[in-house]
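Each remark here refers to the structure printed beneath this line.
Order as written gives the chain letters A, B and C; numbering starts at 1 within each chain.
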Amino acid sequence: MRLWRMNLLVLSAYAIIGGLVVVLYGQSATIGSIDWDWEFTRNEVLPRLIQVVPITIQATFLGFGIAVVLGLVLAIGRLSKNVWISRPVTEVIEFVRGTPLLVQIFFLFFILPDYGIVLPAFLTGVLALGLHYSTYCSEVYRAGLENIPRGQWEAAIALNLGPLRTFKDIIVPQAIPPIVPALGNYLIAMFKDTPLLSFIAVVEIMQEAKIIGSEWYVFREPITIVGLFFLLMSVVAAIGVRRLEAWFRVRRH
Amino acid sequence: MKRHYIFLILILSFFAGLAVASFAGFKDFLPALLRGSVVTIKLTVMAYIVALVLAFAAGLAKLSPLWSIRWLAIGYIEIFRGTSSLVQLFWIFFVLPEFGIMLEPMQAGVLALGLNVGAYGAEVVRAAVLAVPREQYEVTTALNFSRAMALRRIILPQAIVAMIPTWGNLFIELLKGTALVSVITLTDLTFAAYQLNQSVLKTMEIFGLALVIYYFMAQVSRIATSALEERLGQGLSRGRA
Amino acid sequence: MSLMVEFKNVTKRYGELTVLDELNLAVETDEKVAIIGPSGSGKTTVLRMLMTLERIDSGVIYVDGVPLTHMEKKGDLVVADEKYLRQVRGRIGMVFQHFNLFPHKTAIGNCIEAPMYVLGLSRDEAQQRANDLLDMVGLSDKKDHYPSQLSGGQQQRVAIARALAMRPKVMLFDEVTSALDPELVGEVLQVIRQLGEDHSLTMLIVTHQMGFAREFADRVCFFYDGQILEQGPPAQLFGNAEHERTRQFLSAVLEAH
C-alpha cells in the first residue's frame, strides 16, 4: 500500500521536473525548436536508410562468420599443449582483444594495399570485424570447454571412448548450451560496431545518415532514426538470444 | 599477474628497439601520438567516473521496490546498451544542439562514453549486489539494521569487492571506446595516428605504435585492477561478479 | 512470571503446503526452550517468523507484551510496517546455522558493526562491549582475525557475541551446531550453557543435540507436521513421552548418536 503512495510521489516529481524543463526551455530564446520533420523522415530519411540496411546486415553476418570460424582455430591454438603454439596465440589474442577495433580497421585499410591486396572498403571492414571478434569468440569457446567438469573428461577416459567420440558425444553437447547465447551476444555487439565502417567510407546506415545530414544540414532525424533502428534490432535480437537460451535449457533437462 | 609484468617489459623493449631502428621517424611520430594519448587518457578517466556514478545509481535503482524508479533505470540501461556508441557520440554532439543543448567536444565525449559504459556497469552493480548471499541480508535483519544501513555497511562493501575484476574490464572497454571520438572533433590517439598517416604514410609504424600504446595502457590498467583486488579482498574469496 | 514470547494461532503456508498450523506457543521470561523434531516439522520456521525473516499468514506473535507482527492502529491490529518492526525487533537476537559472519570484517569488527550503526553507540563504547563479549565466549585473542581465519566453532562463538552485543531479551539459536565438525560442537554448547546460567535471557533453541537439550532446557517442544505434538520438562519428554511419534523420533535420533 505504502508503495503505491511512494510511486505516485516519484511520478509527480518526474512530472514537476519535466514541467520545469519545458517551461525554462520555452523561455530561452537561443534554443532551436523541437519540431520534428515527419515529411522529411518519411520521404527522404527512411527510404534511404532502409536501402542501406542490407549492407549493415551483410557486414554483420559476414564478419560474424569469419569470427566464429577463426575463433575456433584460435581457441584450439590457445589450448594446445605445445607452449610454442599456445603462448604466442594467447598473446596475439590478448593484443587484438585489448586494442580498439577502429585502429585495427584503419590498420588493415591502409596496410593491405601496401602488400598488394586491394580490397573494397566493405571487405576490409568485414575482415577487420571478423579478426577482432574472432578473439572474443575464441574466449567463449575456451570458457565453454573449460567449464565442463573435469569429471566428464575423466569418465570418458574411464569408459575408453577415444578422443573423437569423446568430443562429439560428450564434450560438445555440454559445451554448446552456454556457448551459443554468448556468441549470440557478440553477434549483437558486432552489429552495433558496424557504424565504425563509416570511418572508411563504407556506406552502411550510419554513413548514409551522415551523408543525409550533410546534404540537408539537419542531423536530428537521420541520426535519431539510426539510433532507434539499432535499439529496435537490439531488443529483437536480445529476445531471440533469450529464446535460444531457454530452448537449450529445455533440451538439457 | 607476473605475466603482465613480463609483457610490459617486452613492450618497453619493443619501444626501445623501434626507437633505435628508426630514430628519426620515431622522433617525429611520438610527440603527436603522445599528445593524442593525453586526450585519450583524460577522456577515459573522466568518462569512467561518470560511468561509475551512473552505474551505481541505475544498478541500485533497478533493485528498488518502486517501479517508477526501476523503470527509469531500465529505460536508461536498455537505450544505452542497445544502441551503438558511435551513434550515441554523434547524437550527443551533433543532434542535441538542435534541441538546444550545446556541448564542447570534451564534454560530449565524456558524457556519451560515460552514459554508454555506465549502462553496462549498472548490470554489473546489480548482479554483484544480488550475488551477495541471502544469509547476509538475513543477518542484517536479525541485527535490526535499516535497509539503507544494511546496504551501505554490509551488502555494498561485499558487492564492490566482487565487482572489481569486471570494472577493470569495463575500464579497458572504455579505453577502446575512446577511439571513436574523432567523429566529434577530438584529437585522441587514434585520430592523431590517422592524421600522421595521411601526411607521412608509414602505416605500419604509426598505427603499430598506436596499437602498442593502447595495449600498454590496457596492461597498466590490468595491473592496477589486480593490485586493488588483492588489497580489498582480504578475507573474501568469492568468484567474479 | 510474565510471557516473553507468545504465538497466538499462527499459521504459515508456502503455497499449498501448510508449514505451521494454528500454532500456540507461550514462552516465559528467562525460560530456556528446546525445540526438536524432524525436518519439515516447522521448527526453523518458528524462529524465522519470530525474527521477522518470514511473514505470517494468520495469527499474531507477541514479544515482551507488545505485538510483533502487527501494530495497533486506532484500536485495531494491522500488519506491522517496517518502521514499527524495527522498534520491536531489537529485543530479539538470532544465531544461524551457518554463522553468517560479515566476511569483510574482523571478529571484533563484526561485533561492533550493529551497536554502532543501529544503536548509535560510539566506537569506544561498542568496542568495550565487544571486548567483554568476545572475552566471555573465549575469543579475546582472536578478535582481530577475519572469519576466514577462524574455525567453525570459533566463528559461531563470534556470531553469538555479535548477537549479544545488541542486548536482546530473547535469543534464538537455529541448529547452531549442525554445521560444525563434531569436535567443535562442545565449545559452542558450553558458551550457550554459560550464557543461560549467567544471564537472564529467554532462549529458544532448535537443535538435534538431544543430550544438551535434556540437561539444559527448562522445557522441550516436540514439533511434528507443523504442530507442537508434545511439550514438557526434559525429564518427562525424554524419559516417558506420551505420544508414539515422539518416542519413535527420540529413539531414531538417539540411535544415530
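Note that in this section contacts are C-beta pairs under 8 Å (C-beta built on N, C-alpha and C of every residue); 3 or more make two chains touch, one makes a residue touch a chain.
Quick caveat: nothing in here was measured; it's all calculated off a predicted structure.
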| item | value |
| --- | --- |
| Taking each chain's C-alpha mean as its centre, the one farthest from subunit B | C |
| Chain closest to the assembly centre - both centres taken as Cα means | B |
| For subunit B paired with subunit C, centre-to-centre distance based on mean C-alpha positions, whole Å | 47 |
| Intercentroid distance (Cα basis), subunit B paired with subunit A, Å | 18 |
| Separation of subunit A from subunit C, taking each centre as the mean of its C-alpha atoms, in whole Å | 52 |
| Parts of subunit A lying in touch with subunit B, wherever the complex brings them together | 3, 6-7, 10-11, 14, 25, 28, 30-32, 34, 91, 95, 98-104, 106-107, 110-111, 114, 192-196, 198-199, 206, 210, 213, 218-220, 223-224, 226-227, 230-231, 234-235, 238 |
| Contact footprint of subunit A on subunit B as seen in their complex | 7, 65-69, 72, 78-79, 81-88, 90-91, 94-95, 97-100, 172, 175-180, 182-183, 190, 193-194, 197, 201, 203-204, 207-208, 210-211, 214-215, 218-219 |
| Residue numbers on subunit C that touch subunit B, as the complex places them | 51-53, 82, 86, 89-90, 92-94, 96, 98, 100, 102-105, 113-114, 117-118, 146-149, 162-163, 166 |
| List of subunit B residues in touch with subunit C within their complex | 133, 135-136, 138-139, 141-147, 149, 153-154, 157-158, 161, 234-237 |
